[in-house]
Amino acid sequence: MIPLHWWLIVAAALFCIGLYGVLSRKNAIGVLMGIELMLNAVNVNLVAFWRYITPQVLTGQIFAIFVITVAAAEAAVGLAIIIAAYRRRDTVIVDELDIMRW
Amino acid sequence: MDAIVSWLTSLFPHMAAPIARLIVHLVYAAILSFVAPVVVVVAFTYMERKVIARIQDRVGPNRAGPLGLLQGFADAVKMLTKEDITPVGADRIVYNLAPGLAVVGTILVYAVLPVAPGVIGADLNIGILYVVAVGGFGMLAAVMAGWSSNNKYALLSAFRVVAQLIAYEIPMVIAIIMVVLAAGSMQMGQIIDAQNVPFLFTLPVAFFIFFVATIAEIGRSPFDLLEAESEIVAGFHVEYSGFKFALFFIGEYMHLFVGAGLGTTLFLGGWRGPGASEATILGVLLGFVYFLVKTVFLIFLMMWVRGTFPRIRIDHLLDFGWKFLVPVGLLALVAVALVLKLPFLSSSVLKWVGMLVANIVVVVVSLTAVSFAARRSRSVALRGVAGTER
Amino acid sequence: MEFFFNLVPLIPLLPLLAFAVIVLFTHRKNRLSSNIAIGGIALSTLISWGVVLATILGGEHVQVEGWQLPVPWLPTGTTVFSVGFAVDGFTAAMLFMVPFVCAMIFIYSQGYMNLGQPNQDPRYARFFAYISLFAAGMLGLVVADNLLLLFISWELMGLCSYLLIGFWSFRNRDTEQHIDEAQVKRARAAALKAFITTRIGDVLLFAGIALLYSYTGSLNFREIFRPETLEHLQEISLLGQPAVTVIALLAFGGAVGKSAQFPLHVWLPDAMEGPTPVSALIHAATMVAAGVYLVARTLPLFIAGFEVAHAPALQWVAVIGAITAFFGATIGLAQDDIKRVLAYSTISQLGYMMMGLGLGSLVAGIFHLLTHAFFKALLFLGSGSVIHGMEHGHHKVAHHSDHHAQDDFNANDMKVMGGLRHKMPRTFWPYMAGTLALVGIVPFAGFWSKDEILAEAFHLFQESGSLSLPFWVWLAGTLGAFITALYMGRQIALVFWGEPRHEAASHAHESPNSMTVPLMILAVFALIGGFANAPFLGSFLHHFMGEVHEASEVVHSAAVPFSLAVAGISTLAALLGLLSGWAIYRNYRAGQVEPFQRWLGPVFILLRNKYYVDELYHLVFIQPAVWLADQVFNFDNRWVVDPLVNLVGTIGRVASEITRVFDTVAVDSWMVEGTAKAFNGLGDALRHTQTGRVQNYLLVVSVTVLLLLGLYMAFL
Amino acid sequence: MLSDFTFVGILVLIAVLLPVVGLGLSWLIRPKKPNPVKQSTYECGIETIGDTWVQFRAQYYIYALVFVVFDIEAVFLLPWAVAYDQLPLYALTEAVIFVLILALALVYAWRKGALRWS
Amino acid sequence: MPVDQIVKTVVFVIFTVMTLGGGLGVVVSPRIFHSALFLVLSFAGVVGYYVLLDAGFLAAVQLLIYIGAIAILILFAIMLSRGLMAERQSQSNQQWWIAALVALLIFVVLAAVLWRVDWPVASQQALASPSNAISQEGSQLGRDLLGPYVIPFEVASVLLLVALIGAVILARETES
């Protein structure tokens, strides 16, 4: 079998790529995509831990399913916010959505 | 499949079982990827033209070969030799990927289609879920094609396709859940095994929903809005020509066949029939014949529907999916689940009868509700008319 | 009797259900919504009292051992988060008070929000939804058998307090002209302040819970308080302390935020911006009680491993409590807003409760919590009734006179009241009962509970025989009692005696029955509530809940004998204070300089401005935070230097301002106001540095995580 | 488990060959004579007017939203359906509650006109 | 090394290239539409991971939800908020280089920590027979979801309801 370390490090890499996306993308949708990547990295971790450490109980898989559920809800609401913001302010660039400053 | 593997190993004693399995897999994959598309497209375009022609009181193709049988091959050669045009402003990579994705996505579904006793690519224990999941590639291909063509009609069409696909995917999934509930498994083999009485008879509502949803998913008339020529030119693949267009076309007919094949597997007992068994070659062939007959029958039904009903409006289409099929499906799902847990339905026969009764009740209830709603909206409309006249 | 225990989960669930029903279905039907809310809490009250009865009849077995209903919530690996329920004597005591007081407040609200009147609040149904959720949070907290459910309920209350304090934070320009813009802004600021201030405590509490879970693998009270678990927690060393002390102090941090103890008390007075029933709810039965409840519930953690008199965590509780008790009372002396006086009185009384707990006596703290809930609810609802009456009077005046008198009339201002005892007798008498209870006059409820705390302190002082902590606690308590009496005397004199000092006061009239009847019911409890633990009646509460924590083998509680000396001194102080306050302000006339101001001078200004704690926080926390944020976010921008220069300038200026404050306070109080304004202006200027860009913030978070990871690596 | 999926993997590899080979074949034998008119965007016979990126309706998004919700419902209900035989009676009530809550979502979207096309 | 081990490793590498390459594509692609397609590629790689990890059900769920639903949602949102996608301007903000640095450092630290830890891997015997979410005999997953996880199961539906309501309110075009 492939060593557990490999999975974890790949997941960490995916997580950091996602983090970079969240931090650096101008487009709000791009930010959201970064978040999705990060959540996927988490899921890879959960499933890898399930497979290697507690293969007898399904906890890891069940958590992954719930994470997917939450990710879907988050994406739905997040994108709705972006669409609403676009409609009102005509932009999806995060830097321009700074009504909360000051 | 296993039989072939053991036959191979006995024929070549030096061959290890995994290698034999690999060879069998490769051959079957090649059949699905190269033979099946040609056969399916040629056979069913021909059949479709003939059937529709009959319904419309015409003769249909009759020039190429005897009875026009070679028409399909002629079309295939034509497609291959047509010039391939990429519109300016297109996103070339995405533009070229989309047709491939469409056809590969469809072929992947065949992996879990049991066409004869023991003949199935991979009898996954999540079989039917795999089918639904892989279906997502179709949507993706449509969006990619529509977006990359740099054509607003193509994009508009892609949107419509996706809206339609998602509107009918949900009822389809609900119908599938009902089947899974009755069969107690998602595995294709077990679903077939569970059909001592085909689910068509115990779950007619599920079959109806599945059948309608399949037609809509394939995008055939009366749900062919995505290529409604008179409205949006020719659908999301309007800019495609030559072999790339052919790929979409192949994908569509492959989808048609696999849709009907799934219908057969889920509701008509698949390859089951007198004499069909995994034990003998004859039995296997017989099973394949049963499967084909049932599938072709379903395809014929779809063609019949196409010949009979006019195309419906997009709002009606979406309403029908979301506001009729989904609620009815959920209702039927709950009813079936309830019946399966009723304590006095102890034997399997009683359970079948109970499911049938539950389905009939659901039909009655939903038809009553629809007619009530229709009457109300009609009277509202009438009142409106009366109001304007006054 | 088992029957009632099985209904325990319904106690928080019924108000929650009422919330859901109102929000989802009936939010358009006002009367129905409020009836659903009242019905929900009334049923909860009935069940709760059933449970209380069952507990009383169940005897020691139920009162100490308790009854439990674990509900597994989320299995994680080998442990299961549970959200179970439990009832023991302590819970039952709370269950007697919380739902009942809530129910009274709900009924009162129906009148306060002007049901059926033309000026009915447009968000009437929403108000009842919110308070239902609030009550559900508090009840969930009380019946929780574990810290997880407790924390969930805790946060639920935090959210509700935010929503309710800011209930008037927006207005419909067409229909709500009576709410002026300034009030809207104040409500908004107050809601945010309450939320953020309590959040500081919540974070600490959460850290404590996480720490506890990581060490014990459980959040169930019963399991945490097992002697062997406590012993295990003592042995782990964390930051040079036993882990249990650190955890206890973190939990206390949460309680400081929630129960508005010094130094996180600042949100509570501002919380007055919400509707008055909300103030009553926050001050009496729910929000602030939660913090005290938490400390009481986790008392074994505070004591574990030490003598009661020397447990460091416990000493902190006592010290903070004593400071708060004294300090809150002094501020109360100089406030003009009727509700603000009561707010500072709440802070001070909460200090008493913490003092009681800090002396290791569960019963003393909780007894005061219970009696205080009754009489403070009474006082708040009474003040609401007064304000309501004043508003009606003002309305009438404005209606009759030609000019539209939207001027600067403030219905909360005690200076414009006066002589209301004739206009509003049915508000006056219950209010007096509440006052006497708060001040601690025999035989009203407050006397018994306050005396219990002071007796506890005095007893410990006698035992130790030196001028140690218990003595100072006792002294602060007794002085506090005097000052409490003084400001209450001032208040009743200003409100109910003398001549009306404004037309509105002379036209004020009595409130509707739905408001005054709850007042009378509460007044009865303010009168007799103290007998629950009165020494001459056998200290019932002591037997009922005193031994709840015995199982942990660290908390031992026996009733402290009644001490005539202590009771005498405090009663004397109270009487003296009350009478002198009343006498001084009885004939106060509009426009006069306040007598206290004349005598106390700059000290009075200091008190009126609440010791400048708000301004201090703005200077010490908010501005540097903003500045830091700016620097971190823009360190590659060209203004690296400017803010640095600004900072140096600011520090210099601040220093000079501070000295100037001390120089000028004695001379001219106006300068102080000016200084505060200067600070505000400075804040405005620096505020511009907050970028509002989420990605910037997240980047800082990431850098911090990186640093923490680096630290972790370094120490691995 | 993995071996179950080997065929799927093989099928992907082989199936990809279909478009590749097909496109290669047609590339060999088809005519190649591009010109600007041929390559221009086809709409309805006359020249294209305006930008391709017309504003689309948020309605599409809302349909997708309801779809996502029900897709997840399917994910939860499929294991339930498979295990239904082995589950006690309360599984029925739990699932009915689950379905009802989601039906509430559908009803909400319906009542709010989110499912109306106009 | 036995053959199947080599095959598995090769497959793992392929999926890693898909996942991480797709991920990188998401964050650096100049066109947001391409980003979304790269995202699909990355998701597909994760599907492969799940298959390799013997979590067939999750693989299907990943395909169904992420590629079939979330990716579509994202593509829709991109098309609804057009304007940016046609331009080939830079998609990164000014702090991108700090972000890259931080992400890289976090990765280094994480990798170092993860590498050092001696994970309590289960016994060979346990590893050889992992529990199966959906199997020939029925659904362990279904039993778990309706057993110990029944509250999260129900809460999930409430979450979805709330998300739907919120999103519909936000995304609905204002009635006019």
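For reference, chains read A, B, C, D and E in written order, and residue numbers begin at 1 within each chain.
In the analysis below, contacts are C-beta pairs under 8 Å (C-beta built on N, C-alpha and C of every residue); 3 or more make two chains touch, one makes a residue touch a chain.
All figures in this text were calculated on a predicted structure; none of them were measured in a lab.
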{"item": "Separation of chain D from chain C in steps, with touching chains one step apart", "value": "2"}
{"item": "Shared interface partners, meaning chains that touch chain A and chain D", "value": "E"}
{"item": "Number of hops, chain A to chain B, where each hop joins two touching chains", "value": "2"}
{"item": "Chain pair with more C-beta contacts, A-E versus D-E", "value": "A-E"}
{"item": "Most centrally placed chain - per-chain CA mean versus overall CA mean", "value": "A"}
{"item": "Chain B and chain D, separation of their C-alpha mean positions in angstrom", "value": "14"}
{"item": "Chain A and chain C: spacing of chain centres that average the CA atoms, whole Å", "value": "39"}
{"item": "Geometric centre distance via CA averages, chain E-chain B, whole Å", "value": "28"}
{"item": "Rounded Å distance between chain C and chain E, as computed from the means of their C-alpha atoms", "value": "45"}
{"item": "Residues of chain A engaged with two or more neighbouring chains", "value": "19, 23-24, 54, 65, 68-69, 72, 75-76, 79-80, 83, 87, 94-95"}
{"item": "Multi-partner residues of chain D (each touching 2 or more other chains)", "value": "4-5, 53, 56, 58, 60-61, 64-69, 71-72, 74-76, 81-82, 84-85, 95"}
{"item": "Contacts with 2+ other chains: residues of chain C", "value": "75, 695, 699, 702"}
{"item": "Which chain pairs touch, all of them", "value": "A-C, A-D, A-E, B-D, B-E, C-E, D-E"}
{"item": "Interface residues, chain D side, partner chain B - complex", "value": "4-8, 10-20, 22-23, 25-27, 29-34, 36, 38-44, 48, 50, 52-54, 56, 60, 63-64, 66-67, 70-71, 74, 77-78, 81-82, 84-85, 89, 92, 95-96, 99, 103, 106, 110, 115-118"}
{"item": "Chain C partner contacts - residues on chain E that touch it in the complex", "value": "93-95, 98-99, 102-103, 105-106, 109-110, 112-113, 116, 148-149, 151-152"}
{"item": "Contact footprint of chain D on chain B as seen in their complex", "value": "22, 25-26, 28-30, 32-34, 37, 79-89, 96, 99-100, 103-104, 107-108, 110-111, 121-125, 129-130, 132, 149-153, 155-156, 159, 162-163, 166-167, 169-170, 173-174, 177-178, 180-181, 184-186, 233, 238-239, 242-244, 246-247, 314-315, 318-319, 322-323, 326-327, 330, 333-334, 337-338, 340-341"}
{"item": "Chain E - residues contacting chain B, complex", "value": "33-34, 37, 40, 56-57, 60-61, 63-64, 67-69, 71-72, 75-76, 79, 132, 134-136, 138"}
{"item": "Residues of chain E touching chain A in the complex", "value": "5, 8-9, 12, 16, 19-20, 23-24, 26-27, 32, 35-36, 39, 42-43, 46, 49-50, 52-55, 57-58, 61-62, 65-66, 69-70, 73-74, 76-78, 80-81, 83-84, 90-93, 95-96, 98-100, 102-104, 106-107, 110-111, 114-115, 119-122, 126-127, 129-131, 133, 140-141, 144-145, 149, 152, 156, 159-160, 162-164, 166-168, 170-171, 173"}
